[in-house]
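Presented below are the structures under discussion, each in the form of structure tokens.
You will see two complexes here that share chain A, one where it goes with chain B and one where it goes with chain C.
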Partner chain A sequence: MTELQDLAHKLLDEGTVQVVIGWEDSRRGARPVTITDAEDASRLIFDSRCVHNLATYLNPRRSQVRALGKPAVVVKGCDTKAVAALLRESQFERDEVVLIGVRCGGVVKDPTSDGVLTEETTAPRCVACDVREPRLADYIVGEAQPEPPQNTSLDDMVAKLDAMTPDERLEFWTAQMEKCTRCYACRQACAICTCDRCVVDKTVPQWIERAPHARGNFSWHLIRALHHAGRCVECGECERACPAGIPLMLLNRKVQQIVAESFDFTATDDLDAVQPIGDFLADDHEDFIV
Partner chain B sequence: MSANAFISNEQLAGLVAAVVASGTRVIAPVTADDGTATYSPINSLAEATLNGALPNPSLKAHFLPPTETLMSWRQHGSDIEIGSPPDSFAPQLVLGARPCDAAAMDIVDSVMNWDYKDELWNARRDATTVISLACPGIDDSCFCTAVGLGPDSSRGADVLLVAVDDGYLAEFATERGAAFLADNAQFFSAAADTAVAQADESRAAARSAVEANLNVDTKRIEQWVGDHFDDEFWLTLGPRCNGCGACAFVCPTCHCFDIADEQSGVGTGVRRRSWDTCQSNVFTVHASGHNPRGDQNARYRQRINHKFYIYPSKFGDVLCTGCGRCIRACPAGQDLVEILQTIDGKAANEQEGVA
Partner chain C sequence: MGREMSEPTTDFEPRITAFVCNWCTYTGADLAGTSRMHMASNVRIIRLPCTGRIDALFVIKALEHGADGIIVSGCHPADCHYTAGNYHARRRFIVFRELMNFMGINPDRITFSWVSAGEGGKWRDVVNETVTRVRALGPFDAYHELAERPSPGSAVEIGVPIPEVPEPSRSTASEDASSPSAAGEDASPAPTSAGGES
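Let's look at the complex of A and B:
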């Protein structure tokens, strides 16, 4: 991937950016890295283990990243949808970041694995991907890649939950919610969790119980899912980050399905798209109003 | 009972059955359908998976639960009825604890009995007998030997088991452990010399396997961290970090908690303590809005400081058992093995520079 390394070297060397946010190889697989010295650009990689959505490092509240200077960020097509969401929500200006798009043939769920793409190992976000060549980018690097194996298990599981009775579904989710210890790895890994102060951190008054019991955990995860209606780009980073193994993407997928049906909106890299949660249209559905 | 007591697989099953029948809760690693493991109550040995997947959360969750009630209140007119948490717990037995998890209990005892004696922690500790099982090592994120422990360390355990053909060798590490073995002597027999030799061999093999992952001088690290609060090295650790509590919550020694009241109606409620983490922005933010640990560089430095400088300075122990859970849990690839290696290298260079 010398094309990527050469470009990063050039951008740093000529001072276009002060930091390149990308992936490097490590003792335990691929991981995010911030490169500030052009001579370190040779550490950059891109391969099927680069599952992390690096758009999360563009959150302006990550002051330790901001302090490094103007960034270039290496993005897969799916990650550009998160960048677009951040731009639409005015988190930063388009000219404040350089986007290095990589042509992608799919990524695995586990960046510490060997990176071999099979139906089982491929990340759910790669299903029916429409941006394997990024469009929202200043540069595009890498060869065109073949389509990854397709795995519909996430949609299958959502359908299975839909088919359950409310009591069965409650039982399923209660068992999942009991596992949550409120480490907030889901929120912190999320590219679009950009609130200055998360509602769960507001305790005067306390809106959501902070204790990790099933009731408080339900409140937390459902409020988070609803706040992401029409904003979630379904990168799956929350679920990957969860140390308790809670299948959070089942919630997010379901919510985005409802948004697609009700508002004809799906996550997009189109900067001019109108996000349902942030806009009012005179012909919005109102059939939920009694 | 000497170090050479043997218990066969069948007799261990019998021992578990007898303990369960006596009304004592038995906690052991249990593997779920998805391959993950937890320390959960068992009714028979068959339900346990000894030395299977590393359980999550660590054993600390049975002594400092993710959340627990400290008090409750209920208003009756002008009277208020205060409910207290239990001051004692029913006896329980932990079987098959990882040595890194058992050691964590002993290490955290220090802070739980420092200026304030934590009644709930101590009551659960008093009620529990811990039988750990020598570990073969998990993967390249294990580094217990680098922090003064080992895959066959008996620290924090009352009894240590070592797997051999057809069963286990048992050795007691505390008076409680000796009493437990004596009370259950009918399940044990004298170990054959071949079993003793096999145990010695497997313990040595596991030790050298873990030693290959990381070999550092924690005293030297303690000094370097203490002397380099403003070092530029810390600025390299924050940018990658997401600032979540995954590392702290899977950690067997992290013990910080937050206390919050939960009202459940007019005049009723409970006061709970729940796990908290120094990696969170709100952990240190002041009412004024000022945050002395204003970014993730400062917060990650705090994590390393507390574990490898502050706690050792105060209590003589590194606040880390080398279990590697933080490394495996980190979605961003923050790697404590690599960080300790780097700090140790910096400390070594300084020592050489001085010499």
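Let's look at the complex of A and C:
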């Protein structure tokens, strides 16, 4: 039994929590699992294939997970940022959940791969990670891990797009948006999409066209990125969930760049940080306003 | 710019949608009108309670419907009727403007301004400058026409032959429908045709 399995067993056995949400091994790599029986705690694993942001199961939108009882969630450092974002938005109380932090040495892009970290396989979010030891967690398990190989940062890709003309960018994004089938996997995978009723599902009046043509898709992804300004933790789950392969993280990265430059805010696990949208300063820059 | 009306340089007349707050810019635009200031007539004003109410969805909707340019305007900072609505709006528009630019929509098509209830002249200048700028940029059909691009996997895209459905001829259909009813009812002629002929 590993430290993680022992701890999960103890928490379930004592009745501190009713369910542990973690990862297990399956035929197709690592996958999320809910453990409700202490004897099953031995199924839990953590390695570089544990890509999924399990904070998404704390989202109050997922009432079926709530119904299992008080949860303990295994979180990487990056996942604690999503937990902090939910806590800052009062989606649940800190004592309603037990956080089991794992010391992380980076994860791969694809949980079904063999988990070897190289410059090509390392997930973009692991570049310059500042939370490899989760601070927000109640327990921290595992040994300190070496730093993952650094791959091309998303910033370089965003800079490439920034260097294009507006017409070239419109062409690029239109080509991407044409692929979207509006399955809303991006929304379902997202940890911070907490709305009971998404704006895209509102039909009276209908703000965003629901037909999956490029115009409706364009509006949807534009609004989606905008609603995540200052909230997105850049876990990359939307892009990984996308069956059409739309580079959603470029949009998310750009929005967080704007927020960082304009409002000096980056995604953090600090519970006292103030979310930039919903707050303001009297001297916010307004060089574009006449 | 000053006092002259913006002169048309091409045949293209842009359609501009303006989202303005009730308390400052709408009243300012009203002042411009009652002061009989000359300004371009391309702007359709939509009045909202506050700039804080102006959602990015409104701007997107206007572009979807074929607007060539947008004006968003409200009270100056510290003058908001609701104390802080314009501050919140400013933060949102900082993000929105740059994100639109990143997705390929030229930010020159959108004017953000603060126009107070007393600034009729400033409203005239904002309108004229925006119309001149958008006229120079040309029509913005790109967003509106996104809907007409075939999606990958659609029948058109993968070369599936689509049977041609002949369009029903509208003129004959309406004649067929109208003539028996006109004949079948009483002898008095239909009021429209009588009015048209006399």
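Operating definition for what follows: the second predicted complex is superposed on the first by the 279 of 290 C-alpha atoms of A that agree within 3 Å, B and C clash if a C-alpha of one lies under 4 Å from a C-alpha of the other, contacts with A are read in each partner's own complex, and residues count from 1 in each chain.
In this section, a residue touches a chain if its C-beta (ideal position, glycine included) is under 8 Å from a C-beta of that chain, and two chains touch if they have at least 3 such contacts.
These numbers come from a predicted model, not from an experiment.
Applying the stated contact rule after C-alpha superposition, one finds that A:Lys254 touches chain C and leaves chain B untouched. Of the two partner chains placed by the overlay, chain B and chain C both lie in contact with A:Ala211.
Of the two partner chains, chain B is the only one touched by A:Arg27; chain C is not. When the shared chain is aligned, chain B comes close enough to touch A:Arg182, but chain C does not. In the superposition on chain A, the residues of chain A contacted by chain B and by chain C overlap at 209, 211-213.
By the touch criterion given at the top, residues 34, 36, 56-57, 66-67, 140-141, 235, 238-240, 242-246, 248-250, 258, 260, 262, 272, 274-275, 277, 280-282, 294-297, 327, 329, 331-333, 335, 337-338 of chain B touch chain A in their complex.
The residues of chain A lying in touch with chain B in their complex are 26-34, 52, 56-57, 62-65, 67-68, 111, 181-185, 187-189, 197, 201, 203, 206, 209-213, 237, 240-241, 243-245.
Taken in their complex, chain A has these residues touching chain C: 158, 161-162, 166-174, 177-179, 199, 207-209, 211-216, 218-219, 222-223, 225-226, 229, 251, 254-255, 258-259, 262-263, 276-282, 284-286, 288-290. Those residues of chain C that touch chain A in the complex are listed here as 56-57, 60-61, 64, 77-78, 84, 87-88, 90-107, 111-114, 126, 129, 142-149, 151-152.
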